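Next up is a structure, given as structure tokens.
Each chain carries a letter (A, B, C and D) given by its place in the written order, and its residues are counted from 1.
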Amino acid sequence: MTALPIGQQLINLFAAILLLLAFAMLAQRRIVSLIDLFAAQGLVLALSTAVVAYSTRQPHLYESAALTLALKVFVLPWLLYRLVRKLDVRWEFEGLINIPTTMLIGIVLVVLSFNLALPISELASTVTRSTLGIAMASVMLAFLMMITRRKAIPQVIGFLAMENGLLFAATSATYGMPMVVELGIALDVLVGMLILGVFFFQIREQFDSLDLRHLENLKEEE
Amino acid sequence: MPEIVFVLALPVLGAALLALIGHRSFAPSVNVAVSTGTFVAAAALTARVIEDGPLLVLGRQFLLDPFNVFLVALTAFVGMTTSLFSRPYMRIEEEHGRLTPGRLRLYHSMFQLFMFTMLLALTTNNVGILWVAMEAATLATVLLVSLYRTPASLEAAWKYFILCGVGIAQALFGTILLYFAAEKLLGAGGGALLWTELNAVRENLEPTVVSLAFVFLLVGYGTKVGLVPLHNWLPDAHAEGPTPVSAVLSGLLLNVALYAVVRCKVLVDGALPDAFAKDLMIGFGLLSVVVAALLLSRQKDIKRLFAYSSIEHMGIITFAFGIGGPIANFAGLLHMTVHSLTKSAIFFAVGHAVQKTGTQVMDDIRGLVTISPMVGWGLALGALAILGMPPFGVFASEFLILTTAMREQPWATPFLLAALGVAFAAVFSKVQPMVFGETTAMRLPVRPAMIPVFTHLSLVLMLGLWIPPFLADWYRNAAKLIG
Amino acid sequence: MSFSPLALITAAIAAWLAIGVAGILKPRSLRVVRVLFPIGAAVAVFLAIFAFAALRSVPEARVLPLGLPDLPFHLRVDALSAFFLLLLGGASAAISLFSSGYFRAGEGTAPGLICLQYHTFLAAMALVLIADDAYMFMVAWETMALASYFLVTTDHRLPEIRRAGFLYLLIAHVGAIGILLCFGVLQGGRGDYTFEAMRAVSLTSFWPSVAFFLALFGFGAKAGLLPLHVWLPEAHPAAPSPVSALMSGVMLKTAIYGLLRVTFDLLHAQQWWWGAIALALGLLTALYGVIFAAAQTDMKRLLAYSSIENIGIIVAGIALTILFHAYGKPLLAAIALTAVLYHCLNHAFFKSLLFLATGSVLHATKERSLGKLGGLIHRMPWVALLALVGTLAMAGLPPLNGFVSEWLLLQAFLFTPTLPQSFVNMLVPVAAAALVLAVALAAYVMVKFYGVIFLGRPREPHLAYAHDAGRRERAALLWLGIGCVLLGVFPSTVIAGIDHVNALLLDTTVSRAGESNWLLLAPIATERSSYSPLIVLVVIVSVVLLTIQLVHRFWHGRSRRAPAWDCGFPLQTPRMQDTAEGFGQPIRQVFEPFFRMERHLPSPFDDKPRYFVSATDHLWYWLYLPIARGTEAVARLAGLIQRGRIGVYLTYSFVTLLALLLFVR
Amino acid sequence: MSAAALLSQLLQVAIALLLAPLLVGWVNQCRAWLQNKRPPSLFLPYRTIHKLFVKDAVIADNASPIFRLMPYIVFGAMCCAAAIVPSLATALPFARAADAIALVGLFALARVFMALAAMDIGTSFGSLGARREMFVGFLAEPALLMVLFTASLISGSTALPTIVDTLAHRELAIYPSLAFAGVAFTMVSLAENARVPVDNPATHLELTMIHEAMLLEYSARHLALLEWASALKLFNYSCIGLALFFPFGIAEGADFVAMLGAAPALVLKLAIGGASLAVIETLSAKMRIFRAPEFLGTAFLLAVLGMLVNLLLGS
């Protein structure tokens, strides 16, 4: 068989890195490095988008790459850093499920999402189709991370990671969504992040901690 | 196309204006004025659509067909009445010292923003924009839910944000898959996300992809509809937010989310040979009805009670759309209308009741008819209406749904029978002593704003006895559209 | 608009609604109510007249521009609905008249509001009877339930009254859903809910049976058929007496109407085993009701239980009709149906009469417990006399009306052995025995009822100040009493009217088949069976008068008053009379297994010996409480899915998503 | 109806009225013989009734009209029954006015009025008697109806004349259903006529009495009428029994000759019946009131069995 064109090789590489980062985030306990990982993920995402744009001559993808870079690599991590510094929450304690188990579940999820993505990839006409499975996997892993984390900020980072996975899916499967939508999504994410920032302070001043265990009072009593 | 522009622009401008002027004594009136203007514009828009059929405007970006235009009118109307109700309500809250002027500014502008997002979600023709608008609606309401800044309200808002955010993210994935399936037929670019385009080619959409997409979309938007087991945010958010917000959440937001689901269902039905989407919706609907009915019987907080009843009714509507066919769809649409009217009316009455008695715990609320006959009878009639007692309109739709189900899905009817019975027992046994019975509470000096309540209830009553022809045609066309 | 019966009936209904609205205009004024209720009574009389006209004219249908877009309100009056309208008008005329004197200000709901609810109730019942499509039927049906609920909870401050109202509305609502599903079956998937279309649909395989039993469930819940009877003995004592009279006398009959409508009009063919099951159910209900009536100590509860008994008898009659009709014996079916309708009419009259009488007693003495009444015949002769008529009628004694319908029903039973199905033939003697037992027990119950309330010596001193009913109350009671007598004495005439219904439902008639004439009632032939209450009445009365004359002629009419002798017992106090408990004690003993007894017997050493006994319904403990507890348990389990932890919630949606994805694969 | 028919109808009633006390006297005499006592005069009942009529009536202070009217109503009901029961002839005009079921209804009417009147004074014994009477009644009445049903199933009619005609004209054979019914009927009529073992007419021992307890407050003409009525009741029951189980020698037509021919047969049958009643009363002991349900329940059961047997064996 002939070797893949360089662009596709790069994209596959980036996809692999993305998956790796997703796992890393799943395993990471320190919030600060979690933010780093998130930024890295954003960077990879932007790069891959750019490569796709280059190799498929899709100018509008450059814009979306730029958007991603700005938002996911600079603005959001910066905001998160400020929050962490302001609230000074550095350490994340043991999650609901211990790390190895989480990892195992993660593997299972990856296999599952590859399976699910397979038929779709068959249909895809894009050069990047094989990466759809990875995109879905990273979404799932982000979901798992949200479930397992007990603190507010990691949960939010998981949420943002999920957003990344989605964007990656969009680029890999369909060369990105129409620009309006991309912009809308970006806006939503940004606003959501800001609101969450406000939230953290409110929660903090109410419960003087960001531990989600304080947020378990509304429930059906026995 | 002036009307549509007005419908969408007025709330945005209103939001900006209210954010700028801050909380003055006339801010509530401005709020009312803007909402009224929106309703007038929406009414004009509706009239036009009734005259010259579906509209596709502003570069095909905005679609107005019978299905969504009646929801637009409904949304604008309930928004108006809610603003009317919230004027005295919020004033009393302020007097009670539960709200500061700053928060009231936030409340007013966010209320308008929320209206805008919902109207956008309803009118847009672009599935992607639909998603954006839904997400934006979530963000707008999160701040409204946490308005009191109490621990409970913060917790509720947090859960609301996270659960709906995640759900919405699934919906985005579904949208991407949809786009992915469409783009091979319609080519890349904006066209492939326009619902009208998708609908035109729905027979040729790739089945596997579409079914996957629908799963994600259903789970995503279903979270906002409040389908069991994705419903967990709903009771908290309703119980802890200010009552006007509970009213619009229950009366409008759930409808809009359901609208999104149904839009997607139409595409899937076209693409798939089997009744995949129908079965999913029937299953979710039935599950929601049963579980909600059971949980109704365990409630102690009055707003939680009616939140669960919203889940139950959303289940009924989902079930109806799942059955499909002209009658069931007609019934579903009618039920959407009467439910949002009745439920918001109930929340208005509940709000006043809570203000008068100073508690949300039902065991401490007694003898409302003696404290304030209007509130008492409003609550009693509203509860009876929502429980499906004729001659109110809720009964009309339940009549059609049940009788159709008896032939289409006979196996489901025992569950419905049991669930409706349990729900009746649960709600009525709790409402009756609140309305009647002895009380120790004093009569409060404030006059409740009962006009919205009784406007809604009389509309519901009318719909039970006589549905205006234009409305009926409207429902019929919409039902045909949904298929 | 032509003055056809239907138009006039509709107008009467509209008049009722207008009266109700007029009442709400000045809710607190009692004077208005005093004026409005008699007008309502007049309207009722007119309604009865129109209904009588409609009974003998051809069916007639109309469409109102209301209702669902594809389903405007269809009205139709045929012989069946006309008959029940007649019943409604005849009974409610008296009840409205009584109410105009009955309701007082200040207790519970405002009189004007009561006026509105009361007349809405009447109008809704009439609309149920003339509804010709499922939607209007259900709307009227539930409106009826709602209005009566508000009337029951007139005195809503008392928790037990609220509880009674809640129980009533709950069972009514569940039953209504059953009826709804029944109509869902009947429309046969056509989506056309007019009765006309339902008649056209021919259901196949098991669907007819489903429809019938859904109808039996739904209408049985309203009629008080076992095991859905529990609301009756709670709601009737809670309601004001005219309302109890209206509910027991008329509303229960609308359920019978619905059952007949569905079974014989909308369904084409009946299965014999429907009849068998319904027969068993009906007789069980009858026995159950009368046995519990015998054990009651509250006069209105007693009457409520006896209503359950009568409903049981009526349902048994319907079951016989189904049996005969299924086996193609129209004449016998017609006899059974005649018995059913006749009994409906009788029950409407004597039960309303008795409930109104209890109302007068309640107003005169403020007492509802039989243990504290007695000797009222001296204080309130009018009520006592008219109540006696009702009592004898209800005890099923000739020559009053209660006996006629039971006579007809027994005739129908006696003809059953001509059926081909041997199993049914075996069933019949037992069934007949049960029926006769129930009827005989009814006599026992009525002696207890009348004897304890009106006869003997007052058990409480304040009864001495009891006053007789007012003029309007008397007139109302008189109307009903005369009705009982006339219905009892001229059966052939009444049956001639009922025959229009027979002709409609079974296309055959009784009076033309038999040798009946105005004097003699002989459904088949005088050789088979005949009964002439008029002759019996005349003979007894003439003998009585003759004897009095002769005794006074040959001997003398001297008599003097003295203290009661009582076997020479020196001192007698009113407390030494039999109490209600005492009178019911033998029945409690014989039918012990029916009751859940709690007895507290005094020991010889108590300084204040107290005897306490309560006989409650097993079904509460065997059926209702288990259901309630089961729901409770399931609900608690359902509550477990919401324990407040957001991670868990996320897991739900995650798992749901994965499950669905796998499902798609 | 022709004047002759009316006349013969009246004749039958008159005969019943006259014979009834005699029957009572005869039963008492037989019983006295059987118990080795010197029998009272056969005509004692007539004398008693006359004596009572002569006396002045004493009425309790708080007696209501029901109390005073009851004896006449009961008497009237019994006369009506006497007119209906085919004692001498079957084809009598009034017989059409009420069939078997209506007849039972008439007896029930009488019973209810007695019970009400007994409760009227409000004495302990009165209400006790009323309760016991109704208690016995609600079991006896269905049993009696069941007996009549058996007969009417055989004859396919509830009209007494038809029943009697059919039964009279069947060839002699063993009818187990009728046998059951006969036993049941005997038991019922013992209970209904306040006879041992259910009640004892000859005592005022408060613990045992049922029928007498209801009449305690009555005196003079009212009591006389009641005595006469109960005699009539006994007579009617006997005639029903005879008509059902020994319908021989009863007149088919309604003419005097036939009836006069039937009269001796009736008297003879009554004499035998009365004697056997006395025998039963002598042989059996009065049972406790709470045994009464079992006794009557047995009767009820036998009657139903009779019906079932009739349906099963077709005989």
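Throughout what follows, a residue touches a chain if its C-beta (ideal position, glycine included) is under 8 Å from a C-beta of that chain, and two chains touch if they have at least 3 such contacts.
Bear in mind that the values here come from a model prediction, so they are computed numbers and not experimental data.
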Spell out the chains that contact chain A while also contacting chain B.
C
Which chain's C-alpha centroid is most distant from that of chain B?
D
Quick one: which pair of chains has the most contacts?
C-D
Where the CA atoms of chain B average out and where those of chain D average out, how many Å apart are those spots?
78
What whole-Å value do you get for the distance between chain C and chain D if each is reduced to the mean of its CA atoms?
35
Take the average of all CA coordinates in chain B, do the same for chain C, and state the distance between these two points in whole angstrom.
44
Report the inter-chain centroid distance for chain A and chain C in whole angstrom, where each centroid is the mean of the CA atoms.
70
Mind pulling the chain B residues that touch 2 or more other chains?
158-159, 162, 166, 208, 212, 235, 295, 298
For chain C, which residues are shared contacts with two or more other chains?
636, 639, 642, 646, 650, 661
Shared-interface residues of chain D (touching two or more other chains) are none
Strictly by the criterion at the top, what is the full list of touching chain pairs?
A-B, A-C, B-C, C-D
Quick check on the complex: what are the chain C residues that touch chain B?
65-70, 134-135, 138-139, 141-143, 146, 153, 156-157, 159, 162, 165-166, 169-170, 173-174, 177-178, 180-181, 183-185, 187-189, 191, 193, 631-632, 634-636, 638-639, 641-642, 646, 649-650, 652-653, 656-657, 660-661, 663-664
What residues on chain C touch chain D, complex-wise?
374-375, 377-378, 384, 388, 392, 395-398, 403, 407, 410-411, 414, 417, 425-426, 429-430, 432-433, 436-437, 440-441, 443-444, 446-448, 450-452, 455-457, 520, 522, 526-532, 535-536, 539-541, 543-544, 547-548, 551, 554-567, 569, 572, 574, 576-578, 582-583, 586-587, 589-590
For chain D, which residues are in contact with chain C within the complex?
53-54, 56-64, 66, 69, 72-73, 75-77, 79-80, 83, 94, 96-99, 101-102, 105-106, 108-109, 111-112, 115-116, 119-128, 130-132, 134-135, 137-139, 141-142, 145-146, 149, 152-153, 156-159, 162, 204, 206, 216-217, 220-221, 225, 290, 293, 300, 303-304, 307-308, 311
Residue ranges of chain B touching chain C (in the complex, touch as defined)
158-159, 162-163, 166-167, 170, 208, 211-212, 215-216, 218-219, 223, 229-230, 232-233, 235, 276, 280, 291, 294-295, 297-298, 326-327, 384, 387, 389-391, 395-396, 399-400, 402-408, 413, 417, 420-422, 424-425, 428-429, 432-433, 436-438, 464-467, 469, 472, 475-476
If you look only at chain A, which of its residues touch chain B in the complex?
116, 119-120, 123-125, 136, 139, 143, 146, 152, 155, 159, 162-163, 166, 169-170, 173-175, 177-178, 180-181, 184-185, 187-188, 191-192, 195-196, 199, 202-203, 206-207, 214-218, 220-221
